[in-house]
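By written order: A, B, C, D and E. Residues from 1 in each chain.
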Amino acid sequence: MSLEIDVDHTRGSFRISARFSAAPGLTALFGRSGSGKSTLVDIVGGLVKPDRGRVAIDGQVLVDTERNVFVPKHLRRIGYVFQDSRLFPHLSVRRNLLYGRWFNRQVGAASADLASVVDLLGIGHLLERQPASLSGGERQRVAIGRALLAHPQVLLMDEPLASLDEARRAEILPYIERLRDEAGLPILYVSHSVAEVARLATTVVILTEGKVTAVGPVADILSQADSGDGGSVLDAQVARHDEPFQLTVLTSRAGELQVPRLNAPVGASVRAYIRGRDVMLSLKPPEEISALNVLAGRVVAVVPDKNGGQAEVRLDCNGDALAARLTAKSVQRLGLAPGLPVYAVIKSVSFERS
Amino acid sequence: QSNVVIFAAASLKNALDEIATSWSKDTGKPAPKISYAASSALAKQMEQGAPADMFISADLDWMDYVQGKNLIKNDTRFNLLGNKIVIIAPKDSKIANLALKGDDLAKALAGGKLSMANVDAVPAGKYGKAALEKLGAWSPVKGSIAQAENVRAALLLVARGEAPLGIVYSTDAAAEPNVKIVATFPEDSHPPIIYPAALTKDSNNADAKAFLDLLRSGKARTAFEKQGFTVLVKSNSST
Amino acid sequence: MTPEEWTAVRLSLLVATTATLASLPFGLAIAWLLARKDFWGKGLLDTLVHLPLILPPVVTGYLLLITFGRRAPVGAFLADNFGIVFSFRWTGAALACGVMGFPLLVRAIRLSIEAVDTRLESAAGTLGANPLWVFATVTLPLCLPGVIAGAILCFAKSMGEFGATITFVSNIPGETQTLPSLIYTFTQIPGGDAGAFRLTLVSIAISMLALLGSELLARRIGVRQMAA
Amino acid sequence: MTPEEWTAVRLSLLVATTATLASLPFGLAIAWLLARKDFWGKGLLDTLVHLPLILPPVVTGYLLLITFGRRAPVGAFLADNFGIVFSFRWTGAALACGVMGFPLLVRAIRLSIEAVDTRLESAAGTLGANPLWVFATVTLPLCLPGVIAGAILCFAKSMGEFGATITFVSNIPGETQTLPSLIYTFTQIPGGDAGAFRLTLVSIAISMLALLGSELLARRIGVRQMAA
Amino acid sequence: MSLEIDVDHTRGSFRISARFSAAPGLTALFGRSGSGKSTLVDIVGGLVKPDRGRVAIDGQVLVDTERNVFVPKHLRRIGYVFQDSRLFPHLSVRRNLLYGRWFNRQVGAASADLASVVDLLGIGHLLERQPASLSGGERQRVAIGRALLAHPQVLLMDEPLASLDEARRAEILPYIERLRDEAGLPILYVSHSVAEVARLATTVVILTEGKVTAVGPVADILSQADSGDGGSVLDAQVARHDEPFQLTVLTSRAGELQVPRLNAPVGASVRAYIRGRDVMLSLKPPEEISALNVLAGRVVAVVPDKNGGQAEVRLDCNGDALAARLTAKSVQRLGLAPGLPVYAVIKSVSFERS
């Protein structure tokens, strides 16, 4: 979303001091509990006025303490999904969903929107209910709907999917992707799930105790994330669909990938996220094995973990970076060292379904 | 020795306080405790066993009421004070002297209200109504009466210029610099305005009797007259 | 009941309803100020609002008279410029009742506003509502229980108020003689107790109906909301 | 100020404080009942609580007199069995003030109890607290803003109440002559205005201090709690 | 926990009608948003009185509508971690944590407990704070601590870890395991995370629209779960620790497994959860590959998914059941059919670290 942030703020004994700029698209905020993610989102949303600093989205300055600029939140045209859902208890689900429409009605097809959003979130049967009678997940889904229906120019999502089951997440994720890609909506997204971040983020920002410790494109950052689940992102194109087997064949510099059927047209650019723990390494091309994806590459580096039991093996597959997480024992057994040619074996089902 | 407790109509406060203080100083006895309230409230409290030694009512009706309930020593009852009712106007009013017959009063009101104390309940109001009736001035002004809770409030309405005319005691009129008296009711135009006093049935406090005797003796005359009351007991007749 | 008594009942209803409705907007505004804002003189405003409670009603009536009386500065100004006259009118009785009920109204609303979760107000803000809309669509509906409670307190107080009323606008049958004034008069007449008792029952019956109505209303709102 | 006035000030403080503190437990109990329970006769109880607001103070005072007077049934019973005497004592003035302030106290507390999230009460229950403990450790602290508001309303009302007091326990200096009774007496005599004005200022000053104190207290509690 | 439930209850238009009994240990409630999980936990906790039915824990009857038994919640000695944390806003974090101690003080070493629980949850620096100033995850951690410190006889946890980062989860999970195993505390646990459930649960109960659609030991149930992530559970013993490589060697009927170093003594019984998507199949023993675990088995069944793109291949490995999730294409390519001998290849890092 071309988000520029440079702020300092103190809340009690907690001090946030963040400075970064993010490319257009979805910016994921990643960090441990209490690291200041919600505070930062609140600053962008206009709920918290930073002690000092500047916030701009797509060049539009929202906050600039030096020039005394502070755009009030109701003029920022944001859709904010709060960590606590904050539904209006006196309004029915329907009226909660339509609340934002009272104020931003320049977009026409809002009623069509309601239907599709309600459908996506599976909350059609809840429309006439009061929020107090909803389950935790239902509440959060309504909150997501309410933010989407406000026709925002920026979407702020603070752990929107944390209380949802996997099936529901799998339905909502592609929708967020579409918002990012088709509607070009800038999104600031907080999540504890690497898979979600990997799939959605353009830029990842890692917060540690109020400070930005890493920022950059998702592919560069995720493997550094202190999450026990580093991974790689390959840029690829849809080459063809294999309808009988419901597979999609992607081509990337690293080679051909067969993944579960994607809902994208041939030729489309997609991103494949490969977890380090899903990658096996073999010294010769494996035969008669179930995995459909074998990428040839060369070891670039072997990075042992702090505690020594495991290591990340970084490969160069024809220019694409790929990381594998192995036990130290396998590293020794296979004699992995920079320069060694290897084959990365990846199951098709490892890829997230969409 | 316990204090004498006196239940007295509120309008007596200035005079009675002065008398009580000097009595206490002269005799060395503790000053009486005087509860000033509406005669109606005091009468009903006596009915419920209030620890009063003496009752001084603002009119005969409430004294008759307690006497009817057998709450006072009948032989101690006497008429202590008298008062007069007058018609007042704001100081700056053009009205100077007002005739009181027929619809003169109504004309003088010129559409304004005649401020009185409640004509059914408050003594000053009752007297005023009786007098106006007697003088044939009641029906023309009947619809223009503003009844206040008590004389003081009626006085206030005139003093503030809300009402062009009002009926109050001469005692009140004399003390209020913002009003002037424009007419005085003839004595015979209304039942006599009398403040009766009596000891209560349950009182056995010798000082109470002594204080009542003091009032009856007329020695307190100056204090009452200073406030504009007429003292009804004869001077210097002591028991 | 006598025609005079009926008139007093009707007048009391008119006065109490007017007093309650007319003071609501001011009550809301001041309650909101006291609940949500910090400003110089807040303590003074708070005391001012409570004055009618602190002062004996007669004194309040007196103060009203010297402020809103025909010859008083504010009273004259209102009369000359807006044709609003209070003195010896039922409007004056309503003003007196409204003023006497004001501290009760403000307190109840203020308590309820303070209980409204400001996070919901922020949420409304992010959805595009400006502060006024936030107040109208979130704060106000959520503090309705307090508004209802305040209104019913103000109404009940108006049904019982007479000290300030009679001092301010006296007791003119059909104009300013409200039910409590009439009841008071009865208590001042030897043997008037029966009349006072009868009218007291009427007053209680009216207030009870108002109370029940307010409870039903509050319950309907409450059931819809609960804690979310 | 004269010694008589000082006495009235001291007495008023005593009466107002006693009235407020003594009615608090009853107010809490009844507010809780009205807020949280449904029972037969709830509407009646609610009306009863509001009565002192609805009735002219003189009527309330008269009802107190014929109920708690020395010769009245309840009054005699309390005096004979517990040695509690109200009639024409300062305790009676406190009773009158407490009764007059009771509807205000109950309403404020009730509003606050209704705003307490019952989910927190359940949570306390799961941690082992029985209903009484839940009330003491969760409901009560969370409705403190209402308790404080109710108490200050009751206190302020007690500083201004005289209609019921003077009717119930008369106006005996040093015993039942509170500040408002004395102010009232001053307004009843020629030349008393200055005295009434002086005492009114004293009354306002006291109430203002109480108000400020209550605000500070409420703020300290509020800052600690906020919405969680 | 030997939990017996047989209840019917209606909330608005939602009707729950659940009947099952669960073995001692941890019972996981699994199901989509709005399926009635929280309602069921509320019934066990005494927050909701069912319209009809019976609830018993370890033979102790908590509810029996027929005999008019309803043990009030404060006598049930439960520790309930709510989906919404429900901290007491007027008490400091410390007093929130110690709230339960006022009532259940029969256990002595509570102050030691406070220290260890505070340590486990990483909330030491928050003790003097008020709940309103906590972040979402901090709040949930305090709520967990409060329930643990009430010295409960039963623990009810409704999505306790949903708002926590992976690192913090990884710290708390073993603690819950210890409560289950060492303290023998019966636990009713709601979660959307298959990994959590697989790791913790003794019994899994699957709720669908208020009805119990499956109940049984975790190994039997998880592969049926409509979660896109069926898996298998192998019972195993710790054979030895391989300290240099920080591995633990487990023996199971299926064979030897090398997993990241476990914190369990040699000889201890442990449970290994193996996700279907982490299992590769090979027709011959693979060589020179990084995976350390190769289990020989025989195909029992091939169960295609509804949509046909993937299949679950069930194996019998010397008596232990193991499931692998493959693409339909791989199934065809390898000619997998019941009776065929195959080798299951599993990376060590696939196992959850503890």
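As a convention for this text, contacts are C-beta pairs under 8 Å (C-beta built on N, C-alpha and C of every residue); 3 or more make two chains touch, one makes a residue touch a chain.
Given the structure is predicted, the values throughout are model-derived calculations rather than measurements.
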Path length in the contact graph (subunit B to subunit E, fewest steps): 2
Co-neighbours of subunit C and subunit B - touch as defined: D
Furthest chain, CA centroid comparison against subunit D: A
From subunit C, the most remote chain by mean C-alpha position: E
Centre-of-Cα separation between subunit C and subunit A, whole angstrom: 56
Centroid distance [mean C-alpha coordinates] between subunit E and subunit C, Å: 59
Between subunit D and subunit B, distance of the C-alpha-averaged centres to the nearest whole Å: 35
Per-residue multi-chain contacts in subunit C, two or more chains: 58, 62, 119, 162-163, 184, 187, 227
Shared-contact residues (touching 2 or more other chains) in subunit E: 84, 133
Chains touching one another, given as label pairs in label order: A-C, A-E, B-C, B-D, C-D, D-E
For the subunit D and subunit B complex, residues of the former touching the latter: 58, 61-62, 65-66, 69-72, 87-88, 166-167, 169-177, 184-185, 187-192
Sites on subunit C touched by subunit A in the complex: 119-120, 122-131, 133-134, 137-138, 141-142, 221, 224-228
Residues of subunit D touching subunit C in the complex: 43, 46-47, 50-59, 62, 103-104, 107-108, 110-112, 114-115, 117-119, 145-146, 149, 153, 156-157, 159-163, 180, 183-184, 187, 196, 200, 203-204, 207-208, 211-212, 215, 222, 227
Subunit A residues within the subunit E interface of the complex: 11-12, 31-34, 37-38, 83-84, 129, 133-138, 141, 158-159, 162-168, 170, 192, 194, 226-229, 242, 245-247, 258, 260-261, 276-278, 280-284, 286-292, 307-310, 324-334, 345, 347-350, 353
In the complex, subunit E residues that touch subunit D: 45-47, 72-74, 76-80, 82, 84, 86-90, 99-100, 102-104, 130-133, 139, 146-147, 150, 156
